[in-house]
Amino acid sequence: MLPVPYRVVARTVETDDSATLRLEPIGARVPHPNAGQFCMLYARGIGEVAISISDAWNGTLVHTIRDVGAVSRALSGAPPGAVLGVRGPFGTDWGLDSAVGHDVVIVAGGLGLAPLRPVVLGALHRRAEYRRVTLVAGARSPGEFLFRAQLAEWAARADIDVELTVDRPGAGWDGPVGFVTEPLGRLDVEPSTTIAFVCGPEPMMRFSANVLLDKGLAPDRIRLSLERNMQCGIGVCGHCQLGPLLVCRDGPVVDYVTAEPLLSAREL
Amino acid sequence: MPSLAVWKFASCDGCQLTLLDCEDELLTLAGQVTIAHFLEASSQVLPGPYDVSLVEGSITTPADAERIRQVREQSRVLVTIGACATAGGIQALRNFADVEQFRSVVYARPEYIETLATSTPIAAHVPVDFELRGCPIDKRQLLEVISAFLAGRKPDIPDTSVCTECKRRGLTCVMVADGTPCLGPVTHAGCGALCPAVARGCYGCFGPMTGANLPALTGQLRRLGMDDTAVGRVFATFNVTAFREADNEPPH
Amino acid sequence: MSHRTRQLRVSSLARVEGEGALRIVVADGHVEDAQLEIYEPPRFFEAFLRGRAFREAVDITSRICGICPVAYQTSAWNAIEDAWQVPVDDRISALRRLLYCGEWISSHALHIYLLHAPDFLGYPDAVALARDQRPTVERGLALKKAGNAILELVGGRAIHPVNPRVGGFHRAPTAAELAPLAERLRHALDDALTTVRWVAGFDFPELQLDCELAAVHHPGHYAIEQGDLVTTTRSSFPRRDFLEHVTERQVPHSTALYAELDGRRYLTGPLARYSLNFAQLSPLARDAAAAAGLEATCGNPFRSIVVRAVETVYAVEEALRIIGSYDRPDPPAADPTPGAGIGHGVSEAPRGLLYHRYELDAEGVIRDATIIPPTSQNQAAIENDLRRIVSANLGLEDAALTSLCERTIRNYDPCISCSAHFLDLTVEHR
Amino acid sequence: MSSAVLDRAGLDQLVELLIADGYRVIGPTVRDGAIVLAELDSGAQLPAGWGVDVAPGRYRLRRRSDAAVFAHSAGPQSWKQFLHPPRRRLFTDDGAGFEPVEDDPGRYAFLGVRGCDLAAIATLGTVLQGTDGFARRRDGLFVVAASCLEPGGVCFCASMGTGPAPGPGYDLSLTERIDDDGHRFLVDVGSEAGAALLDRLAHHPATTAEQDEARGAVAAAAGRMGRQMPVGDLRALLRDNRESPHWDAVAERCLTCGNCTMVCPTCFCTTVEDVTDLTGEHAERAERWASCFELAFSYLHGGSVRVSGASRYRQWMTHKLSTWHDQFGGSGCVGCGRCIAWCPVGIDITAEAAALAAGHD
């Protein structure tokens, strides 16, 4: 349970209430994470919470945090130079390698883009090994997209299809309006060669999965990332149970075969 | 330095005294905050606004109803301390009684009584940032709330049963091992299970925890031999209004 | 003095327990009015005690005052046990006295160090005092903590103890549990003696009480937790006659009921106890008093701080004595048998005499309750002091005179929270 | 290894030797109207002559006609209190980095561990073995087990396969016998450390007759369990009853007080406390026992996942009997009956399981 000290070396404001931190180890470092894993980030004296890794290289960790409470406020507001505690990386990953040779469909709602960014980057990095790569991302309003510069960059590329949509349009938005399920519904999906990666609020993930199922995608080809209260990250505190799962250990990434019955039960 | 103010409304003073009872921490605290308004302890009164106000006591007069509004206006963070402030206190028994009768017992001059028909919690008058339970509040919890506000974190004040504290202390349950009626299973934790530690049943100083299943406990109290009057009485003390409310809420 | 009217007013008294105000009107060099106003909203305790089970009286009346809850609890069980003549084991009585000593130590230390001493030394509060004299304030806090340690160990909690009950305690501590207290109290005894020497060195304005004194008296020891009554003019009377001697009167200009003893103004509290029961103090306490310049009676209210310090020495000694000869009561409580009856209970709250009377029915339900707290008994004497201190110091500037008045009130450590018995009046703020 | 016989004095000697060897001996003793587990200075503190009457929501001490020391069933605490303490500080930070708190409770010797509790220690180990706090406490543990000859009114270890004879994991195991031949213990040896200790005690080898008699008594105890789980696949039963209306019926009775989880010898859940002092200079982390009955247990920003009493009870019981298998490869319930006895309203996990199995309400 002992955190490893990391220093914030850069802080980028993403939206009104979220920021991306680049962390570098001060001494010892945690193992290199896989795409989809998360860390427990500790703000000294305030608390520790689970935060996905939104990018990582060479010992550097990138986390994108939304301010929703005391701990996430302290973390997302941590200025360059601040020292945070890091434990991890924990949990299952997106298993991007198993999608080699497939069409990759990435569906992100709001902050869900953070844990999915490593999927996009991974696929683009070894672009030739994947077939079609599509990113469908939604946000409540145009200003609430994470990584806006990067999104624009990707949108400009020919080797990835980027579909953005917002719930509430704002000034300067001439793109589609509506939930991610709409652009997703318009997508041509070839069930036998597609793997989908979905992350966002639970209802959004369920609706998106349903759209994909309707298109004939088998549930074991749909992966999503779950969220439950987490205190330890190592399967000993019990808080993250979701039926048979310890989400910190057996998740956060699970396929829809596993997730469907759990998400459809009330108050599980 | 952040400023701290302490205010008193209808109460016994015990919750404010809890602050002075922090013998080991009082001078440290005074080094971390400016005690800007604390009549019980200081004749120095600094003008507001105040960073944190601790409010003790319930509202029982129109003048106090006005005064709490002023306190709220001057306070960045307002924390209510104790059952009087969070639930109206034992003096809220008047809310359920025939005030006429009360008046005849104590008062010779009925013309002053009209305004005193109820005792209400602070939150019924102004927005409250945090409610610290207890009759009286617990010293460690008070320090935790102040430390948390100073550090900008969420106070670690679990909204759970007294039983969880009782068991963590390794005490033997008085209800199971002795048949002593105990309100622990429905009472908000915080005291550290003081009563079971002296072989008595909890009598509910901290009021109901969220989602307390009062009907289930009431059934058990009856099985342990309490009649309706007795059951009525145990819930009609310092947190009478809160227990009544919890009883009216269907258990989740 | 010129022909003019002077008004002194402190709308919120500081360093007193509870909410009170002060109003003095001086006209033509003559004190026309001197009021200690109590605007603590009433909380109807006597009313809602009606219909409650006798066992609840201890827990409920405790909530009248967070500063001296043990006093309320004690007077409550005294009255109920009196009604039914419950035989209480000496070992239980000793444990009760120990508990009460805890309250005396804690409350006296609070008053001496945190509320009263700053007056004599010219500080607004103990925190400011600590900036210059930290070890002194720390000593006071340590003393207070020792008192609280007794309350916590014996009572289960320092404020509103949970362990006491009618008949005794829910659980009596073991000797092994009490042992560590003794260690702490030995230090406290040194601190208490130092406290006497410290406060003895303060400057005391001249003032002599002019009223009757009343205190609880017990043949066996310096009365704290039980006894009957003794006054200056009347050697003694039993507690059951309390209401025959003490009458309460409503005065038009104040919210509180004024108590009078045989039609006269009177005072209870440390000065009364000390002066009436001096012979029963321990030799150590009496020596400390003598060294501090006190005689066998003390009539200067400003010196009450010294008397409190002497009583603290006594209370610490008593606590040590009780722990030293502790014999765990088993069972920890007598089992009272309810019956219709009336009982009277008195005890000495740190700030004065506290009387309870209950009328109980055959089932042990309270049919009527009367509670006369110390402050309502002392109020007339306090106001009289105010009158005289103002008359004697009319030459002072308003600010200085006002602060002298506040000090005069603080001499009595009035505890205004116990508004069980006060009337409400809309206070005139002029 | 062959069995031996120890007399009553030998048991006291066992306690003495363990203490002399530097162990903190934890065993049953009478306190506050119950047989609790506490550190013992001598065998004289054992609950000689005390038995218990236990029923759902009810526990009473009872005087026995003999001086048996192990003739009682589980009390309010379990060995979890010592191996996985209610609150444990994890690290401190005074500004110079994270300093682990390596608390050292010393070496424990547990005396009188029942079959159910021995299984519970193993179960807890499966979950917590990776944590140094647990490992530190369990390594070097010396276990003296005790066969259950008088199962209590809420015991059902036989139907969970954990007793009444203690399974593996002990150093020594005692079967208490009292008859015309006196007060004695049949001793089985489970480890070399156990054998070494036995060697230092006055004992005699057990005859076949002595062994047969004691084992027969233990076997007979299996038939006297106060309760039993319904036969069949509990794991599937719970899994298939996620939407049963029965959960609402239990919720009417359940106080959501969390007692069942606190007394359960295998419930391991904890909550992390990150706190600072008034100055903010000192920060520290601790963990304390948590309960899935607490509302905050499943809190996610915006609200708790499990709000209703029904969902919280379902979580607990399902975890104990079903999802524990998924997570840790076995049952989370060992059949000690504590949750039944110490539930203030006497909710009975075996009865609830039976109701689900019967499929009606």
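We just call them A, B, C and D in the order they show up, numbering each chain from 1.
Going forward, a contact is a pair of C-beta atoms (placed from the backbone, for glycine too) under 8 Å apart; a residue touches a chain by one contact, two chains touch by 3 or more.
Not measured: the values here are computed from a predicted model.
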Between the pairs B-C and A-B, the one where more C-beta pairs touch: B-C
Centroid spacing, where centroids are CA-atom means, of subunit B and subunit C in whole angstrom: 25
Gap in Å, rounded to a whole number, between the CA centres of subunit B and subunit A: 43
Distance between chain centroids, defined by C-alpha means - subunit C, subunit D (Å): 51
Intercentroid distance (Cα basis), subunit C paired with subunit A, Å: 65
Per-residue overlap in subunit A, given as positions that touch at least 2 other chains: 45-47, 69
Set of subunit D residues in contact with two or more other chains: 271, 274-276, 280, 307-308
Pairs of chains, among all present, that meet the touch criterion: A-B, A-D, B-C, B-D
Footprint of subunit C on subunit B - complex, ascending: 8-18, 20-21, 23-24, 26-27, 30, 35, 38-45, 60-61, 63-64, 89-91, 93-94, 97, 101-103, 105-109, 112-113, 116, 119, 135-136, 139, 191, 194-195, 197-200, 203, 205, 230, 233, 237-238
Residue ranges of subunit A in contact with subunit B within the complex: 45-47, 69-71, 73-74
Sites on subunit A touched by subunit D in the complex: 1-3, 5, 42, 44-48, 68-69, 72, 85, 227-229, 231-232, 234-239, 241, 243-246, 250, 265-268
Subunit D - residues contacting subunit B, complex: 31-34, 36, 57-60, 75-77, 81, 86-87, 251-259, 262-263, 271, 273-280, 288-289, 291, 293-296, 307-309, 341-345
List of subunit D residues in touch with subunit A within their complex: 90-91, 93, 97-98, 100, 127-128, 130-131, 242-243, 268-272, 274-276, 280, 283, 285, 287, 290, 292, 297-301, 305-308, 310-311, 315, 318-319, 322-323, 326-327
